[in-house]
């Protein structure tokens, strides 16, 4: 029930400026914190709120420490340390091992006694679960799905057959893994023949997948989501896509089939990726960007996949776009003045 | 079984031009209506269809009344009156109180006898339902969820723990309320630490939420959806977003975290909002618009959040864009003619 | 267990260049195929991979046949033939007729003995299923839904009442059919009155609908999806939309209400369609395109619905956009040089 600032400072490598015996019990925002609350300042844009805070203590970076009227825990990465302390003060609810009587578990499925299988969950033939897996209500695991230890499925997730999921993942409500890729061959009469989607999906360890996100199975080989990847809500991942380790993608982004995205990328919301392209490691892509070709070099990209070193030029052009009508009128004026000066056809050539 | 035009005119404040004893039994489109059908004209663009209608009567605005060959109910807001009459002629099916034997209801949940709990529904510990709440098949309410009277959940809705929902709301199939916000702090080694998402979601009264829409819980404080808000399908609402009363948002729009949208706004489909911005009350935003900065003044916005009073300029620039190649050639021509006139370097300065 | 190249050549009308007795057992990619695998080359961009393949045989077009080091099946439409052979070598799992004990089937529903009704499925009153219909786990069919023979529902599909679905369709996990269209009439006080959504949804034969796609019911008449239409994941189809036969639409596209799309169209991902417009048959629309007005003529469209015959011009203008800042500077330079030549006001008029 609460922890002292002295203990937190030692445990998380912070410099404490304040009372080591002060106890905090919960986290709160700068504006709503009281004396038993710990808060943080990770974005200097909110620095103005420091003066008025009544928090027990604030986690912040060295540059922001001087302005704070209450005790501070000073550290270079205040947001990382806040994340750790918040998890310590507000632990996730313990799992409740057991199989709900309304769940339907195939007789040959491997379900350790440490697993929690919720109401209405369905576990297909040949499924193998690791220790402490949690299946939320109504989760469906198709035949031969394999899940690593400690992975948690929120309610209503659907996993098609032959999908492999690593350890310590979190899959949010409504996620669909392993639906058929979108493959059709058009006949000469205009109708379509379905191309069987025979690959699977391979999801690494420590992956989080947001609500209602869909990941298609591969056409022949697997669709692959690397270790530590974080996907937000309502993302669409096409067949045979590969996403590298620790890449983070915001909501409503779509990735067309057979595209490869590198490791440690950060991709904004509502971005769209063409199919069959390659994006390098350590690429940052702005929200809403259409990426229509491969990106071979790490950097910041926006505005249709403009390379980082061309971004200043792209921004200048966008500014000029706002003056385009005026520019056209100036050209017309020049043409008139020129025509007035020397009639066309009489110029020196 | 049907209602007379006279009764409708009195009840809804319309001027009747026609037979007060004529009875209509159902609504229909202008093109498909027969003599027992009531129809409406709300958009003058469809006025040409009036001449051929065989409807029993048409609800329309004064300006359109003269052209109509059949009985008319004349009123300033024909679409509002149509909505009311349609609800009267085609009432929603009555609820069927009771708990389906396949539902899983926690012993301590408060479920009034007037509620309808469908097949496979799951009601967690500490849930409190108001009178006449309807849970469609497979709906899952997490622990401590509170729901106001008369709210209806269509099948397959998932509500995470600690979400509060007001009275008379409708939540469509596949809606997810209270999934974790997308919060991660990047470590120096490129991996991510999850930031616990400890807030809830607060949904007001008379809210409608479309199929497969997702609303994330707040990071610390709540995500807030105001009274009377209407959200279409496949909308994504990030953590700590606030949406003001009676705002209407069309499908596939995404709102990034900590953004505040005002009251009575109308937002088109596939719009995208950056995080941490503020949109004023009474703002209208066109479909597909990227709103990357705050909008402080009521008005009509489109084309990347262009302020209303700059829209004519933006449209002129777009028109010029279509002439850009030609413009560039005209500039080149001017340069050549100028060079022909006076060699560079010999000009007067 | 496997089939000979000679049999395949006869059955699918290919020219075999190789050993008619060679047997293949499975399909594989060019890179991963072994001697018992059949592979294909449909996109000449991958032709470079032919030289290194160790496949038993390759299905390819006449132009690519000369370069192949292994046996080939030569045919004009290699992708169509590959699709057929893959389905032959990897047949879908047989259905397992019967009703799971946890399913809830209304007493008056028509469910032939050849149907497979999965765990937790819900079949409403008045539902009529054709032969061999498969309902995946947790699928919900509302009252009076009608389904044609051989149609398969993956887990977690929700169908609202009064929707009609044809034969041989596949509906993927999380699909919602028949949710209310987004219809509200704004009152003078800014609040909204719901317009009852009284139409249904009519889905033709041989339709495939991707995971988490949503199709709204009509306001009065039906929303209509034609025979052979293929919809990818996370598509939104508004009320009263009509989609013509054999049209194919990629993921995350949104179609606003009352829009009509023709037959045999191909529409890229993340496209957006305004409401109340008409798109002709045989139209191809690029990914991410905003279609804001009707398209009356077959052709290829991109960049905001630019007509096909204007695409070259649109591309030239986009190229010029990349030079806009430089162009503006050149105009400024011309103006200065001109002013240096002849002071303004002294020009001939």
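The letters A, B and C name the chains in turn, as written, and every chain counts its residues from 1.
Operating definition for what follows: a contact is a pair of C-beta atoms (placed from the backbone, for glycine too) under 8 Å apart; a residue touches a chain by one contact, two chains touch by 3 or more.
Not measured: the values here are computed from a predicted model.
Q: As a multiple of 5 degrees, what angle does the CA superposition of chain A onto its copy chain B give?
A: 120
Q: Is it true that over half of the residue numbers where chain B touches chain C are used by both copies, so same, or is it different?
A: Both copies, chain B as well as chain C, present different residues to each other, with under half of the numbers appearing on both sides.
Q: When the centre of a chain is set as the mean of its C-alpha atoms, what distance in Å lies between chain B and chain C?
A: Taking the average C-alpha coordinate of chain B and of chain C, the gap between them is 25 Å.
Q: Quick check on chain A: which residues sit in contact with 2+ other chains?
A: Within chain A, residues 102, 120, 138, 156, 174, 212, 234, 252, 321, 323-324, 327, 331, 334, 338, 341 contact more than one other chain.
Q: So in the complex, which bits of chain C are touching chain A?
A: Checking each residue of chain C against chain A gives 27-29, 32, 42, 77, 79-80, 82-84, 86-87, 90, 92, 100, 102, 118-120, 136-138, 154-156, 170, 172-174, 206, 208, 210-212, 228, 230, 232-234, 245-246, 248, 250-252, 263-264, 269-270, 287-288, 321-325, 327-328, 331, 334-335, 338, 341-342, 347-349.
Q: So in the complex, which bits of chain B are touching chain A?
A: Answer in residue numbers: 102, 104, 120, 122, 138, 140, 142, 156, 158, 160, 174, 176, 179-180, 182-188, 190-196, 198, 212, 214, 216, 220-221, 234, 236, 238, 252, 254, 256, 272, 274, 290, 313-314, 316-317, 319-321, 323-324, 327, 330-331, 334, 337-338, 340-341.
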